[in-house]
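The letters A, B, C and D name the chains in turn, as written, and every chain counts its residues from 1.
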Amino acid sequence: MSSQKNSWRERLHEIIFEADTPMGKAFDVALIMTILASVVVVMLDSVPSIRARYASLLFTLEWYFTLLFTIEYVLRLVLVKRPMQYALSFFGLVDLFAVLPTYLALLFPGTQYLLVIRLLRLLRVFRVLKLVTYLDEADTLYRAMRASRRKITVFLLAVSILVVLLGSVMYFIEGEENGFTSIPQSIYWAVVTLTTVGYGDMAPQSPIGQAVASVVMIIGYGIIAVPTGIVTAELTRVERRGTSTKNCRNCAHEIHRDDAVYCRICGEKL
Amino acid sequence: MSSQKNSWRERLHEIIFEADTPMGKAFDVALIMTILASVVVVMLDSVPSIRARYASLLFTLEWYFTLLFTIEYVLRLVLVKRPMQYALSFFGLVDLFAVLPTYLALLFPGTQYLLVIRLLRLLRVFRVLKLVTYLDEADTLYRAMRASRRKITVFLLAVSILVVLLGSVMYFIEGEENGFTSIPQSIYWAVVTLTTVGYGDMAPQSPIGQAVASVVMIIGYGIIAVPTGIVTAELTRVERRGTSTKNCRNCAHEIHRDDAVYCRICGEKL
Amino acid sequence: MSSQKNSWRERLHEIIFEADTPMGKAFDVALIMTILASVVVVMLDSVPSIRARYASLLFTLEWYFTLLFTIEYVLRLVLVKRPMQYALSFFGLVDLFAVLPTYLALLFPGTQYLLVIRLLRLLRVFRVLKLVTYLDEADTLYRAMRASRRKITVFLLAVSILVVLLGSVMYFIEGEENGFTSIPQSIYWAVVTLTTVGYGDMAPQSPIGQAVASVVMIIGYGIIAVPTGIVTAELTRVERRGTSTKNCRNCAHEIHRDDAVYCRICGEKL
Amino acid sequence: MSSQKNSWRERLHEIIFEADTPMGKAFDVALIMTILASVVVVMLDSVPSIRARYASLLFTLEWYFTLLFTIEYVLRLVLVKRPMQYALSFFGLVDLFAVLPTYLALLFPGTQYLLVIRLLRLLRVFRVLKLVTYLDEADTLYRAMRASRRKITVFLLAVSILVVLLGSVMYFIEGEENGFTSIPQSIYWAVVTLTTVGYGDMAPQSPIGQAVASVVMIIGYGIIAVPTGIVTAELTRVERRGTSTKNCRNCAHEIHRDDAVYCRICGEKL
């Protein structure tokens, strides 16, 4: 990409930021492994029984990963052309939050809960993956999601209003004595029911409440068809567009239908 | 739209009923905010702990919103050409029910539950949204739903009969000692199971009951495919049809893409 | 349809078996109403509190409906050309089972549970509906289901084997002390989980069990896509075929694609 | 297939390994029956009440099936051309594991749990089915799954990361006092909720936790659309492609329908 390829700076940049060279790929794989291992350590650290036993081992591992990520963060800051822009970018902040909580917990004891933030490290996997693999597949999915963005917003809006109204009706019917203690609580029940999750921590007791709940469930069962329909229709469309490979010789217009005889833009016979 | 644009009546009508002018848009946004705020107040008012603390604040806010909506309702009645027709229309009644319960609760104490009706205010958001945004998306969804209306009715009819029969069979198998106290109760269980909600407040205990329940679950898991298939097929069709309006003058071929300049079958310039 | 239209026999046959005449339609509507009312009576009869209060009213109503259905059954037997064939047909047996349990309960007291069979009356609604309405929609759905019959069988077979293996694994992992008392019981749990019903009457307690359960849930969440995909693909195909209205002038072959220029069977230019 | 058809070896090979002859078909059906019967015996053996009663009968049946499968396994080893390759193949190992546990339990008492492995016999049904029926349907499904393999991997990856982050957030919000005792436990909750299973063994108690849970449910309810969309789009494509194999000699147009006699674009006889 540039002519002074020999400087260590250029080479480090290539290893850390790109995935085309063998060294770059090896770095990416090692980074993903390290991220996943550090996430597992954070998780195990939260299990009381494991913590009681291996506290010092987990503590050592955590500092080992934190130092590794700190070195990586500093290297990225040094190597990148505009350090400020990187530091304030989404992934720059994720990189910072991946190391900050460990240092803060050292300075201010009692901020144990802050350590959960370290799990944001998991987001860093996305950056690496972005460079390496599955690019096309993720892109097709992303484009289909983006294209159906507005339809899904309309759907979620309708669902939200439905949930508020149904929850209020159930508050009115079941009342506090059956566990529907407030409207927000009843709306929570409506969400649990409409999405077919159904914990069972709140369930209608009265016959009328059960009848209304049945209607809610059947509605929820039915309208799940809507987002599915939206995404499917979009995916079919995105993929259909994606399979066209011919181009018009005259105007270079991409031919979308296999059975076209004339280019529909310039009229050239194909 | 008219020539006497200067009269206050015309201008107020434009602000309240239309969304094309800056003032009209600002009014719509303010109205949505007010509606949502008033709905939040109604919700919080139902939470015992919050009510105990902020009763007077919530009371004041409620009256503030009620007065605002009353003024708006009166203005709409005055400004519209046929006030009676508006008053009896769906949104006219919603507007009325948005303010009425607060006044009624003043006159007849003890009608606390009536206050839930105020949540119908939420429906007013739809009218505003109708004017402002997302029009096309909602329309596509609405058309797909309308077109698949009858198929979904057939499906729901079949599901209803299935649920009644399955519920009765379970009442017969499990009986009152396992919580299936009556046929309606067992039908409620069948709905909870078939829609994959699964509260767990009623669950089969006997081996035969569990076997039948397994069949019900797999049926429910399978037939959710039907409404999804209906809506998806319809959405794909509506979208395909929705973009094609022209026909080729020469060969009468239907033009499927808006950007076509030449017919792709006979080469005629469109 | 025939020339001796005046005989009472012909006219009764028309009223009971057909839905084209006003009288025939009125009979069908009245029959549906009666069936639904009798089903509601059977349901209410199973609710202990209602039974205690209105026992004699429900008893009277039940006999009223039974007599009505008996008369109808006898009339059908008399009017139809081949009474034996009708009596042994699916709907003939349903008609018989709709009245038999009431008489049996009279002769043999203690056969209360047999009364549940009366709910099979609900199936009679299908025959009436078949004549009246929604014919096309049910037919499209039925054809799509039929066409995807074998694919769905393969899917259900795979799901069944999966459920048996997953249930056995969980029996091995969780064991009797966590409620997984036997392999059939564990298979029941696997069905409840895979279909995303999730009663919660059995839930894994050990960390490994919860990890395996998580995998089961994600599999269940993913493979619900398969039946949906099958039915949707079929519905799209059935409908596409259904929308073609042109026919070839030469060979009367139905034209399936809007953009066809020549008939693909006889080569006639369209 | 060969000329020395009369040798018993050839004929036994045909019966056991092929399904074209009547004897071969009969053998396959008998084998499936035996496998299913032996699986039922293993299942019943795990039910405490049945085991207590019919221990000796189940023991006899188990040995009967084990001997049958042993004979079959030895015959396969003898008849196949490369016994070593068969013994180490997937189905060869399944055949071995189908008989081994019974013998091991004889030698080493107390290995009761090993007996669960015998349920792997169920996998043997697949080999038989592969020869007999439903081949095309399974193949279409398999191809659609294979084609959407990478997209589903991307989806599952995204879901996994989402589940870890959401679980951690809930651990932070609800804490140990509400049953969210560790991050892995909270991730388990997130899976149970996102997949809409909803056991109810863990449920958020605090208002904020319930609000976050509502968002998780609606996300789960929405993104189920993604795998469905992927599989549906793929199935539609596989089926469309599967039926088109010819191309027009004149205009190279791909023929989409098997019954076409003339190209619908240029009118050339095919």
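As a working rule, contacts are C-beta pairs under 8 Å (C-beta built on N, C-alpha and C of every residue); 3 or more make two chains touch, one makes a residue touch a chain.
Small disclaimer: the values here were computed from a predicted structure and weren't measured.
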item: Equivalent of A-D within the choices B-D, C-D or A-C, defined by over half of its residue contact pairs recurring; value: C-D
item: Rotation, 0 to 180 degrees and nearest 5, that superposes subunit C on copy subunit D via CA atoms; value: 90
item: Distance between chain centroids, defined by C-alpha means - subunit A, subunit B (Å); value: 28
item: Separation of subunit A from subunit C, taking each centre as the mean of its C-alpha atoms, in whole Å; value: 41
item: Touching two or more other chains - residue numbers and ranges from subunit A; value: 184-185, 187, 196-200, 224, 228-230, 232, 236, 259, 261
item: Chain contact graph, described as a line, ring, star, complete graph or other shape; value: complete
item: List of subunit B residues in touch with subunit A within their complex; value: 39, 42-44, 46-48, 113, 116, 119-120, 122-123, 125-126, 129, 134, 137-138, 140-141, 144-145, 152, 156, 159, 184-185, 187-188, 191-192, 194-201, 224, 227-232, 234-236, 239, 255-257, 259-267, 269
item: Partner subunit C, residues of subunit A touching it in the complex; value: 196-200, 228, 232, 259
item: For the subunit C and subunit D complex, residues of the former touching the latter; value: 150-151, 153-155, 157, 161, 164-165, 168-169, 171-172, 176, 181-185, 187, 193, 196-200, 203, 207, 210-211, 213-214, 217-218, 220-222, 224-226, 228-230, 232-233, 236-237, 256-257, 259-267, 269
